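Some notes on the structure that comes next.
So that you can tell them apart, the chains are marked A, B, C, D, E and F in the order they are listed, and the count of residues begins at 1 in each.
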Amino acid sequence: MDTRGFVTCITIVAESIVETRLLEGLSASGARGWTITPARGSGPKHQGMSEIEGGSIRVEVLASASVADRIWQLLREDYFTNYSIAAWEYPVQVDRAERYCDPAPPR
Amino acid sequence: MSWDLVATNIASVPVLAFLLGVLAAGLKADLRLPDAVYQATSMYLLLAIGLKGGVALRESSLTEVAGPVAATLVLGVIVPVLAFVILRVLTRLGPVDRGALAAHYGSTSLVTFTAALVFLEASNISYEGYVATLLTILEIPGILVGLLLAGRAMSGGNKRGWSEALREVLLGRSVLLLAGGLVIGYLAGPNGYASVEPFFGGLFTGVLALFLLEMGVLAGRRLGALREAGWGLPVFAIAFPILAGTLGIIGGLVAGMSTGGAMVLGVLTASASYIAAPAAVRLALPEANPGISLTASLGITFPFNLVIGIPLYLLIAEWLAGIL
Amino acid sequence: MSWDLVATNIASVPVLAFLLGVLAAGLKADLRLPDAVYQATSMYLLLAIGLKGGVALRESSLTEVAGPVAATLVLGVIVPVLAFVILRVLTRLGPVDRGALAAHYGSTSLVTFTAALVFLEASNISYEGYVATLLTILEIPGILVGLLLAGRAMSGGNKRGWSEALREVLLGRSVLLLAGGLVIGYLAGPNGYASVEPFFGGLFTGVLALFLLEMGVLAGRRLGALREAGWGLPVFAIAFPILAGTLGIIGGLVAGMSTGGAMVLGVLTASASYIAAPAAVRLALPEANPGISLTASLGITFPFNLVIGIPLYLLIAEWLAGIL
Amino acid sequence: MSWDLVATNIASVPVLAFLLGVLAAGLKADLRLPDAVYQATSMYLLLAIGLKGGVALRESSLTEVAGPVAATLVLGVIVPVLAFVILRVLTRLGPVDRGALAAHYGSTSLVTFTAALVFLEASNISYEGYVATLLTILEIPGILVGLLLAGRAMSGGNKRGWSEALREVLLGRSVLLLAGGLVIGYLAGPNGYASVEPFFGGLFTGVLALFLLEMGVLAGRRLGALREAGWGLPVFAIAFPILAGTLGIIGGLVAGMSTGGAMVLGVLTASASYIAAPAAVRLALPEANPGISLTASLGITFPFNLVIGIPLYLLIAEWLAGIL
Amino acid sequence: MDTRGFVTCITIVAESIVETRLLEGLSASGARGWTITPARGSGPKHQGMSEIEGGSIRVEVLASASVADRIWQLLREDYFTNYSIAAWEYPVQVDRAERYCDPAPPR
Amino acid sequence: MDTRGFVTCITIVAESIVETRLLEGLSASGARGWTITPARGSGPKHQGMSEIEGGSIRVEVLASASVADRIWQLLREDYFTNYSIAAWEYPVQVDRAERYCDPAPPR
């Protein structure tokens, strides 16, 4: 069974303090999974908070294009203004595409 | 003031390790502990303080503890309000940033408290065993009052952030490990404690020295960010601890504590949080600039208290104990 | 049963720390040790147990040790077979999952063993110094028997996974550090051990307390997954340790061990692995659901043994020692 | 040579732990400490050595220390030059790789030094308290001389890499923690040290054992890479330490040190750096193959010194002390 | 010398227990290198094993398209059924392309 | 305000010893931020150095195409010959594109 297909991969780098809130938001936006790696970094707005509270996290989410749009919406509304965030997306090819895109209704 | 006390304090290994860390930060050298070890060390310190305090608590009667606990709760409200008001005079900061600072200064610093105990023990001055209870109690109200003061100023209000911040304070590591340690120590008693004493007791000052090395690096880096601030903030970060510390000492003496115990309560009110408060503030007041609060609490107040404040508060306590 | 013993056991700092961890997991609070520290702590415990056991082994004659070693090997085969059979009665699990569970219960838990030693020492009950040898021996056969039982049921068979699992068991940290520690302790002897005693001996109970805090969080999370299981699994996870523990105690007494020593062997057979076995099973039996075994061994059996089992096995041992 | 001394040395827990690590590497088993714990442990050892040395330094007069310091500086120049020249005879390596090796052998190994102190203490042989000062001093010049020797051979020259390497050596962890510890120990004195002794003193040998377990794995892996090298390198890695160690012992005796102290200086010159030097060399001499230096210093010289060299240098020192 | 070229980057998130086996498989499929970062995450099948055995690993492999296909084959045959795995691929541009695609015969 | 746009994401895997130097080089090439995750790995040239000096780092840089070219230049001149390095780039879509591409003159 070849179930190859394209999905969107969004990578989000955020202060680790917002982890719980962000993951709930991803889930509510319809994401069915994510992968987190520890990170640190520097950016144009860096506020030096992360150095004390356990650095940053780098979250990768594979999702359908519409879920990805909802995630961008979430970031714009709740995160970009006040938190140190970087995010980017690109298309990737996967196997078992239904795992990432099941039409599970957004919770 | 007696420079002998300051000298004794500075010549202790933990304080010297702190200064080495500050120096390393100045040289941009990397003396930080790996993050995992830093986390574990702070868990160790919290649990060790809690355990020892819990064992000591068994020997205190409820009546003995009631007064100091009440004093601590009152101070937990007064100190952040005072900070909020005084910052309006000294700085041009808006209410959100002032509330954030009030939350930091209303709460307290585990490491400063710990260094004060080590200092008292080295000086053979006794203090009440239940002071760790006061530390646990003071962790919380100051943060909440600070957040409320800032919140009044905010328009919409971020319900989500508030409940998260509350959770972060009440169920954060600091409170859980301190309170958990207190209960464990209380239940295990001196016999149970004896078997873990070599770990939680014997190693304590040494582990503190290692931890202070790391804190020195963090403080040193913050100190570097100081140039960007105006004059008001540094003045506040040194003068306010002396004021709040004196209030704490008075509260302790009035509540019937010994000179040593009142000095410790003074250290608690004088010190500013740089772990629990920053996390809670970041969640509840994302508009606040975290750099301001950390520079003040970690970059100025913390080193000041550690090096000069601790002996100073003892002098003030001895002086006030003679008067009151 | 004597609730005094249970109370004594519960009021120890390590067990209380475990309960704090369970509570924290229930509150969804984060009290876990950083992963690196958790790994290092478990290496420390393994090496410390091995070293101490190795030093003690010098004082045991071969004839003295031969019987208990033989008993342990027999128990290492009987216990997983029993588990496999009993699970068929109590649950609807297929042979692969039953084999996985048999591997977990056939092997043993370092921390439960350690807590039993701490308990015996606090109660001034002596036990044979070579018990750490039995721990090392029991690590392995139970896992292999469990895998074989499951393997009979499997069609093709995953040769690759089997050899990896064997490697994982024989050359995993648990066995290498325990066996390595035994040899080092044996060669270094009391004099050599003396210089590292403050580290590996003095700190032991304290480090165990910190480790149990973490284990409490892990167990508490597993406990949360319990609702999804039926009745059979929890019944097994409590009743089987009592049965297996009693067999272990009988084996120990028959092999000529003291009451304390037989109780320790009972703890070994009663406890279930949650480190070595899960890894080996995951490699050799990927079809098995790892959640089932971990919920049973870590979520139920481990807390049960730690809080109730340890004093219970002592009572059983004392009772059987009077009869046999 | 007296095999008794070698046996005593090998039968110590730290050396046995090292051998366990080598064995584990041979079995491709994973006994490495998590990276964070490895880093923290090495910081602990550096600080502990510094502190103890600093306290001891208070008891030494300047005149007493001046001679050995001068001898150490001279040795810091002679040893790498000798290594550079001898390598031309023994191997076909180019000047860059020979300079890299000279930097490693000109500098020194904290852990070998530490194991030597533990060995002397177990053998009740005294040594001068200021040897930690010599360790700190010898860290630096050898690396610089080695880099210079290689640099002469290089065409353009990488200014950037050089200044980074200099920074890495002068402000790296090794030098800062050793030197910082010396100053802290000196200022805090015996009284200040007493409060941290259970941590920095009592645990020392045990922590060293854990660290050597890890070093054993690292050395064992390097040993595996040995097959690729020719004969010259292994011969150098064993013969050169004996030569350099003898020079160091002579230097120490001539400078008026005791037999034990001269032996320690011999261990310093005989041992090769595998932490500070590799980092500096990688930055300043990226053309050098880091595998060559590490295989020699970590894979051959380090185990040789640890197991055979340490008792050997004591014998040489006792013999030369009788002659000179 | 400009040796720019396109290769495939496959990212694989797996339980860390399978690391040794997976890396041998990658090598046997013809991969000439990989980069591993520590990770943790959540997915539709999450079995909670990783929390005890040192979390997950995130492996990135740059390889030629044909090697990438062999790796997908490997994942489908040996991993997807029984292990917690997520994997995705996308094209990337590299320098010194021969480093990643040398026609080294699969071992 | 929708400020979506495409930028280049360069990922660089390097021995951690060169971190300071590399970050200065990125900054001098015009990069305005980066994200670092800890890494380890294997490659055709692996020299076994990283195992002792704290492993490798994996650096992601979002930047404009011209800055990306300058970074490739940097890698070719100063790193490829003597250090263990892998690097790859691909286009990604971001929000607030100006954050990553501001025409800040290279320092």
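To be clear about the criterion, a residue touches a chain if its C-beta (ideal position, glycine included) is under 8 Å from a C-beta of that chain, and two chains touch if they have at least 3 such contacts.
Predicted, not measured: the structure shown is a model, and the values here were computed from it.
Peer 1: Kindly list the shared contact partners of chain A and chain C, in label order.
Peer 2: In this structure, the chains that contact chain C and also chain A are B, E.
Peer 1: Can you give me the shortest step count from chain B to chain F, moving only between touching chains?
Peer 2: 2
Peer 1: Farthest chain from chain F, comparing Cα centres?
Peer 2: Centroid comparison gives C as the farthest chain from chain F.
Peer 1: On a CA-centroid basis, which chain has its centre farthest from chain D's?
Peer 2: Checked the centroid distances; the maximum from chain D is A.
Peer 1: Could you tell me the distance, in whole angstrom, between the mean C-alpha positions of chain C and chain D?
Peer 2: Chain C and chain D have C-alpha centres separated by 41 Å.
Peer 1: Between chain C and chain F, what distance separates the C-alpha centroids? Give it in angstrom.
Peer 2: 48
Peer 1: Could you put a whole-Å number on the gap between the CA centroids of chain A and chain E?
Peer 2: Centre separation, chain A to chain E: 21 Å.
Peer 1: Can you tell me which residues of chain D touch two or more of the remaining chains?
Peer 2: In chain D, 34-37, 39, 198, 202-203 touch at least two other chains.
Peer 1: For chain A, write out the residues touching at least two other chains, lowest number first.
Peer 2: Residues 37-38, 90.
Peer 1: Each pair of chains that touch: what are they?
Peer 2: The list of touching pairs comes to A-B, A-E, A-F, B-C, B-D, C-D, C-E, D-F, E-F.
Peer 1: Using the touch rule from the top, collect the residues of chain E that touch chain C in their complex.
Peer 2: 15, 17-18, 20-21, 47-49, 51-55, 81-83
Peer 1: Mind listing the chain D positions that touch chain B in their complex?
Peer 2: So the residues of chain D in touch with chain B come to 34-37, 39-40, 43-44, 47, 51, 171-173, 176-177, 180, 183-185, 187-189, 192-193, 195-200, 202-203.
Peer 1: In the complex formed with chain E, which residues of chain A make contact?
Peer 2: Residues 7, 9, 23, 32-38, 62, 90-96, 99, 102 of chain A touch chain E in their complex.
Peer 1: So in the complex, which bits of chain B are touching chain A?
Peer 2: Spelled out, the residues of chain B in touch with chain A are 35, 39, 160, 164, 218, 221, 225, 274-275, 278-279, 282-283, 286-287, 289-291, 294, 298.
Peer 1: Give the list of chain D residues in touch with chain C in this complex.
Peer 2: Chain D residues touching chain C: 11-14, 16-17, 20, 23-24, 27-31, 33-37, 118, 122, 198, 202-203, 205-207, 209-210, 213.
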